[in-house]
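Please find one structure pasted underneath; my questions will follow.
Chain IDs A, B, C and D follow the sequence of writing; residue 1 opens each chain.
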Amino acid sequence: MIESIVSQSGFFFLITLFVMGAFGSLFFHRNDTCANVWSSFFAISGSFFGVLFSSLTLLGGQELFFTFGKTPFFILAFSLHIDMLSSFFIFVISLIGLFCSIYGFGYVKHFYGKYSIGALGFLYNILLGSLLLVVTSSNALFFLIAWELMSISSYFLVVYDRNDPKNVKAGSLYLIMTYVGTAFIILAFLLAYKYTASFDFAVLKASAHLIPSSVKDLIFIFAMIGFGTKAGIIPFHIWLPAAHPAAPSHVSAIMSGVMIKTGIYMIIRLFLDVLQPIPLWWGEAVLIIGAVSSLLGVLYAMTEHDIKRLLAYHSIENIGIILLGIGSAMTFYTLGMPTLALLGLIAGLFHTLNHALFKSLLFLGAGSVIDQMHTKNMEEYGGLIKYMPVTAFTFLVGSMAISALPPLNGFFSEWLTYQALFQGINQLSFSLQWIFILATASLAFTGGLALTCFVKAFSAIFLARPRSVEVMHTKESSIPMQISMAVLASLTFIVGFFSSFLTHMFEKIGQSFTIFQTTSSFVSVSSDQHLQSASGFSFVSAPGLFLLFGIVFLCVFLGTRLLIYRKQKIACGNTWDCGTTLSPRMEITATGFARSIVLIFKNVLKPSIQQDVEYHDAESRYIPKSRAVTMRVENMYDIYFYRPLQKMIDGISLKSKVIQGGNVNVYISYIFLALIVALFIVL
Amino acid sequence: MSILLLISILLASVISMIITKKRFVIETLSLITSSITCITAFLTALQVSSVGTLTFFTFFSVDALGAIVLMIIGSIGLATTIYSIAYLREETKKQIIGFTRVKQYFVLLQIFLFAMYLAITAGSPIFAWIAIEATTLSTAFLISFYNKPSAIEGAWKYLIINSVGLLLGFFGTLLYFTAVASIGEGGFVSWQTLRDNAGNLSPLIAKIAFVFVLIGYGTKVGFAPMHTWKPDAYSKAPAPLGALLSGALLPVAFFVLLKFKMITDLSIGSSFSQTLFFVFGLFSIAVASLIMFNARNYKRLLAYSSIENAGIMALGFGFGGLGIFGAVLHMIYHSAVKVVMFFSAGNILLKYSTAKICNIKNALKVIPTTSVLFILGFLIVTGTPPFGIFFSKIYILGTGIKMYPLISFVAMFFMTMVFIGFLRHVTQMFLSRSSETQEPGEGNVWLVIPPIFFLLLIILLSFSIPPFLEHLIHEVVLYYSYD
Amino acid sequence: MSIPFLQFLVGVLFLTLVFNHLTKKNFLSVVAFSVQSFVVTLVFLHSFLETGNIYIFFMVVFTFIVKVILAPMFFVRLINRYHLPFSVSTYLSMPITLIVIAVLTFMAHSQKFVPLTNIVPPHQIILSLALASIFVSLFLIVNRKEALSQIISILSLENSIVVFAIFAGLEQSPSLQIGIIFNIFVWIMIATVFVSMIYKHFGSGDVTSMNNLKD
Amino acid sequence: MTLFMWILQALFIPVVSPLCIGVIKKVKAHLQNRQGASIFQPYRDLWKLFHKDEVISKDASWIFLFAPFIVFAVTVIIGLCIPLFSSFGQSSFFGDMLVIIYTLALATFFLALAGIDVGSAFGGFGSSREMTLSALAEGGFIFSLLTLSLIAGTTNVFGIASHASFLSGQYLIPVLLAFVGFFIVLLAETARFPFDNPATHLELTMIHEAMILEYSGKRLALMEWASSNKLVIFFALGANLFFPVGLASDMHIGALFLGMLLLLCKLLGFSLVIALIESSMAKFRFFRLPDLLLASFIFNAVAIGLIH
């Protein structure tokens, strides 16, 4: 039976599930509930089958290579190549797809009547299907088809809630940036096609040596811009904090958890598999980009008080951490240290899985909070833990995981990244060592700042007293939403517990690469299930940690609760308020919490304070009626790069409208001049 | 034999249309004629794909590219006739036009279609020139159809610019004829004779002649410096005509231009004509993408998109080899997608009765099917992957990047600019919210069926090309690539 | 007829074009156009006398009737009906127009176009003059703002192309004749309909008033 | 036998930490010419607090209730993971420096959340300042321990401790720089003098005290005890990693006893230094602290650069 699943027909069945889900929900678009049931059913079954398919392929370790259908254009072949790396990404996509679809089934109810649910189901299934095709296609054009399908369907999902013009603007910005990115990707593939005369990855890989090194660098730059825009690295990230919050929550969970990983998948596929051997400066560039993205990502997250934008910026930070892993892998391999390179790759892949898990958990949590509160502004939350206990607990677990606190999965992938960077510092020469020191510093500071940011986020949303009336009549989110969040939270524990087994699995994935065929990773799984690096440099044991935490916490809790002074009476009183009546306004808000960090990093973030005072009567200006302080952090990229660029293009196009001036004589003179010029220059 | 059948049917229908008083007779007659022309077009195409270049009655000859363009004209002609019947019924309901206008419209439409037919099947350059002159005549009146000052102005500009262009084209053709005249070859001069003795055309005359022909017929195709009539003509002409103008007339003019390029390549090698094609192609893409960025009228937007696609086709034919394969595919896809877009633009015009982009609000809710058609059309025409135009672009840029990487980069930059400009307008029209409520409704169902048919045609053609068409395209690639 | 006389005829053609640039009154430009067409018929007559080809005689009669008599008559009636004796001014002032015309003629006679003008060596001067008149008539369309004079300049462009073709050795070829006949027929029909439409809708013939069709 | 070692190791820090606090207070008192309470007074305070009733604010959620247990448990866990008096790696599972650093971060995380949970202004600002400082200190902390692990060739703290003879030879300067960096981080993390005044309840300046303002009874006792434990942990880390003299290298009772004695002396030394600093220096303004922490980070980065 396993052979029948893990085969061409298995994958084909997987894709048809999503296609049926898509067109079925279009068919039922008249009746909302029916469309929702149909699309959710197929999305859930498709994702479940995807998890089954990919886990079997991973365990089995086979590779599938098949093409289906004949195309009129000989350069395009619908050829798919599912190796270990692709099946890992299929696993991540379908796992997150499964939970988001379950969550979506409950979440979509509040769109009934407002927009067509059939269209939402159609686009959602197309998105999942195209995500799967992106990570498995092995022909560049087929990849571009899936890539564009993914971008277009996610664009329409972002602008789905089009009553709010901000969503439409965010959607346009997203599609423009993605399209520019795709243009760069097309140019990169065309350059490769110029020297290898084929768009097939296998042929590209075989004849990668034909491409001259200068063109290869150009391909690297274009590919980095293209996939970097989709992954959201720093200079090209401005669409991410705008687009992800605009989409419906289960879609933004998919986009943030999984879609930006397709950029990472292609970076791995191209730079570690297809375009090998690569020069040294590629690895260093990826490392620096990773370091900068992670540090700036978390700093911008500090300034946010919109819950979804905060989580979007954290995606940028985690992408930075993943790129640290991959960048170190590329650098080590070029320097001839395959064992360390494999370690870097394992760290990157492990963090991809972890980030997918806890980021989608956080987005789903944020989604259910927004669904109840109908606003994304954290300042108006407060005290939600008493009204939404399950969501609060799962959000807490998610925040602990993303800040890499020990027992959970985030810690182990960051531990592996640290090991890769430590070895970089330990074994490399002077100039390279300083790049690794910079990377380790950025990772260390990112860890600390992420922790601060999530204390701010969690406390602003769930703790202390409600800061708006709306909080009073919120109630816990519906059952399917709770189930998906609870399972994701428990997954972070389980993945943390089995991290050594998973590291072994990632090592097998790594070894499926041609460049890592014979190498074993620097950090291996020793006999008694704990991670140990080769020279005994460092080792950590996940089960050991869980055991230790559990026992000690139990002893302390039971000790104090039972042994010492059992008959202690606990009275309920008001919080100490130095005698004043304590109003919710006196609590610390999200902006207040982050103000000190923002002031410390003020030359990076350039915060601006605007005081406007309203007086009773304008002349005498002594008795202010009201005083408003607005603190804002401008988006530097927008002001110094993107807006001037747009103004310049608008200027040129306005000036070029003069060609169409409306005067016949001028038009004829164009033809006359064209004739004269052509006659004289050409002859 | 098919051409004679065609002429007799056309003459009969035109005369009877002028005589009859009843509108129903006119509509059925024009329907019959255009369906017959469509069938004959497909028959000749099948014949050409099996037999090769078809010549009959010495005056008419159809080669592979001609067959493809014939099919385009036939199918788009039929679609336009069907759509015009529904469109004009809606317009008469809104009291915009009377019965005489309808009669004049259908007569001119049939003349226009037949003139394009003649241009393709014409054996000699002069007949092709005359046929294209006839198209100018018929479309001039069609553009001034609504008898408003702005329509007259559009028609006047169309007339002046096109006749200057065609006169230059005429002069260029005559220069080619000097090669034949010098060796006393009297009588009927066909394309074939010009090709045979392209040798004894002195190189300098060939260059000058090609420049004149390029500027002349380039005006008809709509290359950059000579494109100025297109936006005015497309925005003032009735919507169905826009589809014909950009879907059928553009390939016809391109076809004639390519014939002359063949002759020049034979006499002085392809590098001369290639550089000219690159210059005009790139200039058209640049100008169109820049102006399109903030166009204010969606019909003018479609005109600029036609100019840009003409530029891309010029690049394709300039690059040669696989580029020609891409360019021919591009021509087919572009004509089909322009039909979809112009018909949906027509529906929008009927519903909102304004062509200004800023007045169109919340169209996705008011006219859902047309909006979906227009959005899909926008995605197709800007070359997003799942649809065919992406592949033709990849072919063209793929061959281009081999010899001239810089041209491909610049072209790619402007194509992205086109997408961004188009997206701004699409979001403004379809995703914006409107305060006043417009009762949703699509009007006549026949307004929506032709565009949906062509959309399905594009999707079908993007994934599987029928064998006879593939054979024709390969023949074109062999015939038209010189080196 | 001898070569110098033919040169004189083409010289007259060129001068009428220059005159069209400078004239202020519509009537005079119509008269200049009819003189020009008369010159073309004379050229046709000359080629008919030389070759004795019956078609050419038919061409002579046709051009004479349409271009020399019918068209100017219609234009004069048009001027009187809409009583616009004075043509709208030109873009460039008088001296600059003359300079541009001089430059264009010099360009037509320059070395670049030598291979073009001595297709038939004896007619070398005539051909270069005909080429100059083509460029000048093109410039006429650009320069004049009056709708009527734009029509006249297109017809004179067509005349100069025909003259060039005849002296380039193409007078025999039937395709030239068919082309000319068709062009005259189409243009006269279009010109008559559209010019009257322009005047009816826009009052004056000033083309620059028509510029509300812009982006 | 190892179980006895684990229990000894687990109990050592909680037992000794109040003593260190008592000694610091006593020394400070003497420096201020006053008698001061006896060094065992902290034990009596803890005993008293453990037997008092509790008042809990009605706005508090379960986080406020469970935070003390987690924070105290973390200090005990880390007590198990660091070399106190023996350097042989009997707990080879979790001696990794990253585990220690991030577990301490877990404690700070819950401490901060508990501070905000009750919704008072003091708790909020205390947590905000605490998190800012711990975020900036983390870089210095990791890099200081990284210097040692690069020299010793392993990130396991027991391995570092057993790798003797740092202070001689070429590694003297990097270790010294790392120690200075580490000492600054120590002062920041345990809320000692230039960063925060442990003795005050002045709203404007207190950081650590603000977070545990709302606690009373057993939970306050646990919190106080945890903070003193944390202080001793940092002393032990500072002592045993930077000056790994006299650690028992095998299970012999005599060696263990000697190790314990030496550790007490080292802790006494550190307490003296802390007391001296607290009496001689004023508390820095909050926005001068980041420069201090950044200085510690640069010391450590330079130390790493100097190793090769």
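Everything below uses one rule, namely that a residue touches a chain if its C-beta (ideal position, glycine included) is under 8 Å from a C-beta of that chain, and two chains touch if they have at least 3 such contacts.
Computed from a predicted structure; not experimentally measured.
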Problem set entry | Top chain pair, ranked by how many C-beta pairs fall in contact | A-D
Exercise. Just curious, how far off is subunit C from subunit B if you go by their C-alpha centres, in Å?
Worked result: 31
Problem set entry | For subunit A paired with subunit B, centre-to-centre distance based on mean C-alpha positions, whole Å | 45
For this session: Let me have the rounded angstrom distance from the C-alpha centre of subunit C over to the C-alpha centre of subunit D, please.
Result: 102
For this session: Could you put a whole-Å number on the gap between the CA centroids of subunit B and subunit D?
Result: 80
For this session: Provide the list of subunit A residues touching at least two other chains, using ranges where the numbers run on.
Result: 657, 660, 664, 668, 675, 679, 683
Problem set entry | Numbers and ranges of subunit C residues touching at least 2 other chains | 138, 141, 150, 207, 210, 212-213, 215
Problem set entry | Multi-chain contact residues (two or more partners), subunit B | 156-157, 160, 164, 204, 208, 231, 291
Problem set entry | Chain pairs that touch, as defined at the top of this document | A-B, A-C, A-D, B-C
For this session: Spell out the part of subunit D that touches subunit A in their complex, as residue ranges.
Result: 10, 50-59, 61-63, 69-70, 72-73, 76-77, 80, 92-94, 96, 98-99, 102-103, 105-106, 108-109, 112-113, 116-125, 127-129, 131-132, 134-139, 142-143, 146, 149-150, 153-156, 159, 213-214, 217-218, 222, 286-287, 290, 297, 301, 304-305, 308
Seminar exercise, completed: So, in the complex, the side of subunit A touching subunit C is made of residues 657, 660-665, 668-669, 672, 675-676, 679-680, 683
For this session: Can you check the complex and tell me which residues of subunit C touch subunit B?
Result: 113, 115-116, 119, 134, 138, 141, 147, 150, 154, 157-158, 161, 164-165, 168-170, 172-176, 178-179, 182-183, 186-187, 189-190, 193-194, 197-198, 201-202, 207, 210, 212-213, 215
Exercise. What part of subunit B is in contact with subunit A in the complex they form?
Worked result: 156-157, 160-161, 164-165, 168, 204, 207-208, 211-212, 214-215, 219, 225-226, 228-229, 231, 272, 275-276, 287, 290-294, 364, 379, 384-386, 390-391, 394-395, 397-398, 401-402, 405, 408-409, 412-413, 415-417, 419-421, 423-424, 427, 431-433, 463-465, 470
Seminar exercise, completed: Per the touch rule, the subunit A residues reaching subunit B in their complex are 69-73, 75-76, 141, 144-145, 147-149, 152, 159, 162-163, 165, 168, 171-172, 175-176, 179-180, 183, 186-187, 190-191, 193-194, 649-650, 652-654, 656-657, 659-660, 664, 667-668, 670-671, 673-675, 678-679, 682-683
